[in-house]
Amino acid sequence: MIIILAAATMLVLATFMACVLGWANVAFHVDVDPRIEACIDALPGANCGGCGYVGCGEYAEAVVVDGVAVDLCPVGGDACAEALAGILGVEIEQTWPFRPVIHCGATRENRLGRTEYRGEQTCTAANMVAGVQGCTYGCLGFGDCAAVCKFDAIHVIDGLACVDYDKCVGCGACEKICPRHIISMTPFKVSQMLAVTCANNDFGKDVKAVCNVGCIGCKACGRACRIFTFQEGDSIPSLDYEHYDPEEMDGLQVALQKCPQKRLLMVGNPSEKDLAATADEEVPEIVKPDFKTTVDKTQWHG
Amino acid sequence: MASDGPTAGERFLRGLIPENPVYRQLLGMCPTLAVTGGMKTAMTMAGAVAFVLICANVLTSLIRNLLKPHLRILVFTLTIAAFVTIADRVLAYAMYDMSQELGPYIPLIIVNCVIICRCEVCASKQSVVVAASDAAGQSIGFAMALASIAAVREILGSGTFFGLRVMPEAWPNWGIMVMPPGAFLTLGLLLGLANWIGAVREKRSGAV
Amino acid sequence: MEHLSELILVAVGAAVINNFVLHYFVGICPFIGVSRRVDMAFGMGCAVTFVITIAALLSWVFTFYILRPGAPLAVMVLGAGADLSILSYIVYIFVIASSVQLVEMYVRKFFPPLYKSFGVFLPLITTNCAILFACLEIMKYVAVGKGAEPWGLDTSLVLAIFGGIGFTIAIVIMAGIREELDHCDVPKSLRGAGITLIVAGILSLAFMGFGGVDRSLKDILHPPAPVAAAVDDDNGEIPTTMPAASPDSKPADLTLNTDRRAAR
Amino acid sequence: MTEATDNNQQTDTPPRAPAGAGPVIHVAPSPHSFSKSLTTRWMMADVLLAAAPLVAWAIFQFGAEALLQLVVCVGGCVVAEAVFTAMRGRCPLGAMKDLSAPVTGVILAMSLPCTAPWYVGFIGACAAIGIGKVVFGGLGQNIFNPAMVGRAFVMICFAWALAAGGYVQLDEETAAAAADPESGMAMTAKEPLDVISQATPMDVLKTRIKDRKEAAPTTSPARDDESPVALSRLFLGNVNGSIGEVSTLACLIGGLYLCWRRTAAWQIPAGVLLASVITAGLAHLGGGGAGLSMADFVGYHMFGGALMFGAFFIATDPVSSPITPKGRWIFGIGLGLFIMLFRTMSVFPEGVMFAVLMMNAVVPLINRWTIGTPVGGPVPERK
Amino acid sequence: MIASSDIPGKGSFPRGVHPPEGKLLSENVAVEIPPTPAKVAIPLLQHTGSPAESLVKIRQEVVLGEAIGKPTGFISAGIHATVTGKVAKQGVCTLPNGRHVAMIPITAQGDQFEGQQLWDDCFGGDWPVEGLDQYTREQISRCVSDAGIVGLGGAAFPTHVKFARNDAKPIDTILINGCECEPYLTADYRLMVQAPEPIVTGSLLAAQAAGAKNVIIAIEDNKPQAIEIMARAAGSTGIKVAQLKTKYPMGGEKQTIVAALGRTVPTGALPLDVGVVVINVGTAAAIARAVVRGKPLTHRIVTVSGAGVAHPKNLLVPIGISYGELVDYCGGLRAGAARVVAGGPMMGFTLGNLDTPVTKGTSGLTVLTAADVAHAEETNCVRCGRCVDVCPLNLVPAKLAVAARHEDWDLARRYHLMACMECGCCAYSCPASLPLVQLMRVAKAKMPRS
């Protein structure tokens, strides 16, 4: 008898609860986009912030709700973008892989006017103290970028930050942290890119006073090759990457040779030897994020 | 994931150390802290958990195809509650003193995360054999964890092991060990130790 | 008055002296998991208090009318008292799970901001031992045998609410400490759960200071008859949890004076 | 990064050299002037200095046993600090330099009774440094007062050594005398007796309150009115107790020195004393006065037990107390309330240790709630 | 005589520190006028705001006081030639505060204004205190603007901006700041002692320009002589002299306003918002010179002091002279010199290169020895709260430092990081030798704006 009572109690209870819950499920129904969950699963979960959002979850929400581009995740790369696109049912536009370029090429011995600095040994701190080094544009070499890199892809060598392109995924953390803004994210159309590795915008005389290898603003490169453009008021050439065409190496060669600060100005460009070695290689139309550069050991900062 | 998962044997082994429920997954903390004052209570608890875990896993695995996703957890808990009731009654019948000592912690097995977690993660997707071996592995892992904590606490706290005197007569009992603070501190430090050993081993395997 | 002081005792006991987390070890999972930030911890504490109250209400109703020996239901149906307490665990968990789900759906629908801040904790609470523990405690005092007065609904609710408040106090304190610890150089292997447990250990040490406060409170609230008190004194909170004092080894009792007097 | 910076400094070209073999100048952020009066190490040394009267009194009062306790605790702390820091892969000497381990050791020793066996002090020291300090990351990062963590640990571990029994040497006569409710109050008459064999003042009070509760209120009122232990003796420290806490005078001398040096924040002891005086007064009004006069009862609470020691030496540990003046007031007052609560209501005769741990735990919350508004109001939101 | 009793403020502000003053080195040394340097380098940006635009070409001849840079925009100031000579090729220089700016070098040629003649032109002679009504508000403001006058106390905020008419926030009080709370610096003190008259005239003119009724000259009580002289010079003009407590940073304008007027400037607002204009004594003298004599700001008094310099002095020098020349004039650096600081030791900026030119905001050059800047090794913060006890803004620097080190911007915001004015009191008194100010500066730079 007790058993029947127990069973009956349970049954009544279960039926009652089931009814209530079932009713509640209908009455309190809220739509949630299951795609957000799916997107979070698809993202790598490094929460690096490379996409510009606080974390992977927020990016996932932004992708689904606000229709933000799916290829912003630098860590997951193409695979991740494809996965997101698959979830959302959109096409991905292919973009160039962006990699940091350090616009300074002066190693420690090339910098002049350095004074012993006592204080927090970080670039951001040192940048606020005048007179740490003569050049107010160039790399300070305390390695904030190296510290912020989650991929061990940037190191301070001889007082100059250098990117290890084998490891770099292009998250852009170094670009954001650099207090002197000498790191820029550059579209890498080929495995070796041209870059101007000086940021000093002063007159030649003033540059020479603070650096052995800085750009003196002679504008010879601009006369030699049209992809070097000079913005209003700049003595430093800017690279017009839109029109950068690896085929047009002749003009670049001339520009390189014309540059009086040889060691410095075009370090982004492969040296002649490397150029010869890679000249015959086929240039892929879209460079995959896992591309490797062959010239890291040379003066290759771009 | 469902089909090409680890085999039954692997799952069994995993439960012991690599996925130890207490040290690695931080599950089932309540009994871990509450009943490890002595080896006897700890082992009784481990036995009860093992019984419930294995039964629940097997049953869940059997009915896994009948479950609606949103009712799954509810069904798991009800299943577990049924088994816990059985375990509770059996224990009260067979070992009345022990059952009194464990008090509310036996019914609290119902909400022991280890069991729900294994039902959810493993049993609801795997065949009966795999689920059972997984449950066995997890149970033994859980028992090992309880034993390690209980051993430290009982030896330091009462100078005994399974009630037998192991420390010299002059040993002053560390009263704190059999009380709540001792439970927290012991588990905290052992957890740190486990993590440290894990890190060292990982480093070593990485180096090789 | 008598009843009120009884309620106060239950409240103080549940909130601080026998804190759910630090004394009974229930609700450890959220205590470790959701104590990273003070505001989240407070949200969790509120959610637990809320659910625990509802669960206590329902479980009292079920225990009192259906499950306890001699409950009205059995009397009504069978014409005689029957013990349905074997069902109690299943009923409790059933009640908790469904009420949590119900509350979650309700809050989600009608109070989206609230849901965003504390609703996310609700599913976690289903498996929170603190709730079930409160139900079991209530059962213990409702399903008493003959002779003793079963707890009324008010006492049960006071236990639940103050248990929840005790949980909130503990988790908020812990969250405050953990926010601080974020900036401390804690050894790597102890970060996270390890250090939290150690801090909980020290907290629980500190809470031991409350040992005996309930008894003094009882004495103050309803002063004992002079003779009875002396006997009552020896069943204190602390001595029972201490290792038993054996005459030839060192005595391990804090209330030494009392004991010596008793021995004499 | 560090490597690179070091190199930087080595190879830097000297700046424009002034005439002759000029000095090498360097650059640094402001300010360029520093108050040289105080360093962290000096703060620690201050505490040691301030503890000197306590130590002196302890040795005078309790003799070699106190000295032994001190040596064991300080030694234990130093060794534990070295070992645990080394275990963390840090240089143990670096951690030694700040003198914080000896400070913890002295405070711990001062809070133990001299009769506690040596291993009590040693285990307390290990617990203090280990789970009280090093697990949190060392000096300046601990949440709880290390010495109190250590003491609480041994207190709960070896209750018999620290609680009432720890103070009283259990020879038959004294035990009987202490236990006898009739002669308990006659303790004052036994002055020639070795102080170690007396019950501690707080214990006497506790027993007395209990006795009054149990006994019929018609007990001889004459005896009830006198203080259980003369206040002057409590003030001077000619009583039994933890070796550092007994002398109110020594605590005051050391504590005022600390406050004067501003090594200790004066708000904390002020808050503690204020709160406990008021609470004791209220307790007396509420009928918990154990038959003493109001002044005696309050004075007894002030001078007896670890209140003074706790207020000046333990609670003022800067690391585990709030940082803002307002927070310190709250901390001090809360501490006073908890001390009195534990003293009057819990099973323990003394509440300072638990109260300190309790308040330490809420310090992060106090800090959070007492953030001052900047002069001129909060920073306006940027548009 | 000393009218400190009838100021509305309490004469002090809460908290703050008392660094060793070090003023004895130069306080009794009368202002000297070194010979005109062979070359000056005049930065085009010496003030807060946008840089001036060059008006001269290379090899152009300029005379003393000729405008060579014109202001660009409202918050900007003109630049004038400070010697007679020829413009050399424009270059750049890095000022001690880190600004990297264009500068115009001028090589001295021909007759120069020197010695007593220069002093008389700047500060000597008669200064009217009556009949200043002849100058209208706009006239004064324009004169000040044309003369390129900026705050000479250090921040170098263009002065004419402070006089801009704003009917919503009328100005009632001009506070002339003669506190000079930075250790070592005595330039303002010497000016007050040696040339009180132009200060008084300038104060009255400033009041006229701002439409303010009250003028209060605030001086710390460690300069009794200056207080007396200023009070005498103020005479019956209605200017009050307030004696304030000696305390750092009394000279910070918000602290001066609290101490002298009892008003609190809201965080992120300007003194204008509480109806006050604060003007440095040097600025006041420059205003008088610009309005009464029509001369632009070309020279200023600079203290060269500190244990690291051979003969501490106060010098009246043309703007654009290099710091190196000042040091050389004062006998060069002593062997122990370790830090050369533009400004005082609390908020001054170190120089890596002594070729840097003196600007309008340069109040002094302090050369500190290795012993002065010796700093105990950094230890862990023990939360002693000393920084809280000294912070004039009632912040919690220790917590801010933790937030900065861990880049916890929530915490930083909760503790009002952005209210910090980097006065250095906390770092000065920190027993753990934490670089608190620098940490806060870095945190402010890094903290995301939102």
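So that you can tell them apart, the chains are marked A, B, C, D and E in the order they are listed, and the count of residues begins at 1 in each.
In the analysis below, a contact is a pair of C-beta atoms (placed from the backbone, for glycine too) under 8 Å apart; a residue touches a chain by one contact, two chains touch by 3 or more.
Since this is a predicted model, take the numbers as computed values, not measurements.
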- Task: Quick one: how many steps at least from chain A to chain B, stepping chain to touching chain?
- Result: 2
- Item | Contact network partition after chain A is left out of the picture | one piece
- Message: With centres defined from CA atoms, tell me which chain sits nearest the overall protein centre.
- Response: D
- From chain C, which chain is the farthest off, judged by mean CA positions? E
- Message: Looking at contacts between chains, which pair has the highest count of C-beta pairs?
- Response: D-E
- Using C-alpha centroids, which chain lies at the maximum separation from chain B? E
- How many angstrom between the C-alpha centroids of chain E and chain C? 65
- Note on the structure: Here the gap between chain C and chain D, centre to centre from mean Cα coordinates and rounded to Å, is 32
- Note on the structure: Whole-Å distance, C-alpha centre of chain B to that of chain D, is 41
- Item | Centre-to-centre distance between chain E and chain B (centres being mean Cα positions), rounded to whole Å | 71
- Note on the structure: Shared-interface residues of chain C (touching two or more other chains) are 86-87, 90, 94, 98, 101, 187, 190, 195, 198, 201-202, 205, 208, 242, 250, 252
- Message: Among all residues of chain E, which ones touch two or more of the remaining chains?
- Response: 349-353, 435, 438, 441
- Could you tell me which residues belong to chain B and also touch two or more other chains? 172-173, 175-176, 179, 181-182, 185, 189, 192
- Name the touching chain pairs, please: which are they? A-C, A-D, A-E, B-C, B-D, C-D, C-E, D-E
- Query: Can you list the residues on chain D that touch chain E in the complex?
  - Reply: 15-16, 18-20, 22-36, 38-43, 98, 138-141, 262-263, 265, 318-319, 321, 323-325, 328, 367-368, 371-380, 382
- Item | Residues of chain E that touch chain C when the two form their complex | 402-403, 405-406, 408
- Listed in rising order, chain A residues that touch chain C in their complex are 1-2, 5-6, 9-10, 13-14, 17, 20-21, 24-25, 27-30
- chain D - residues contacting chain B, complex: 117, 119, 123, 131, 135, 153, 156-159, 161
- Which chain C residues qualify as touching chain A in the complex? 66, 73-74, 77-78, 82-84, 86-87, 90-91, 94, 98, 101-102, 105-106, 108-110
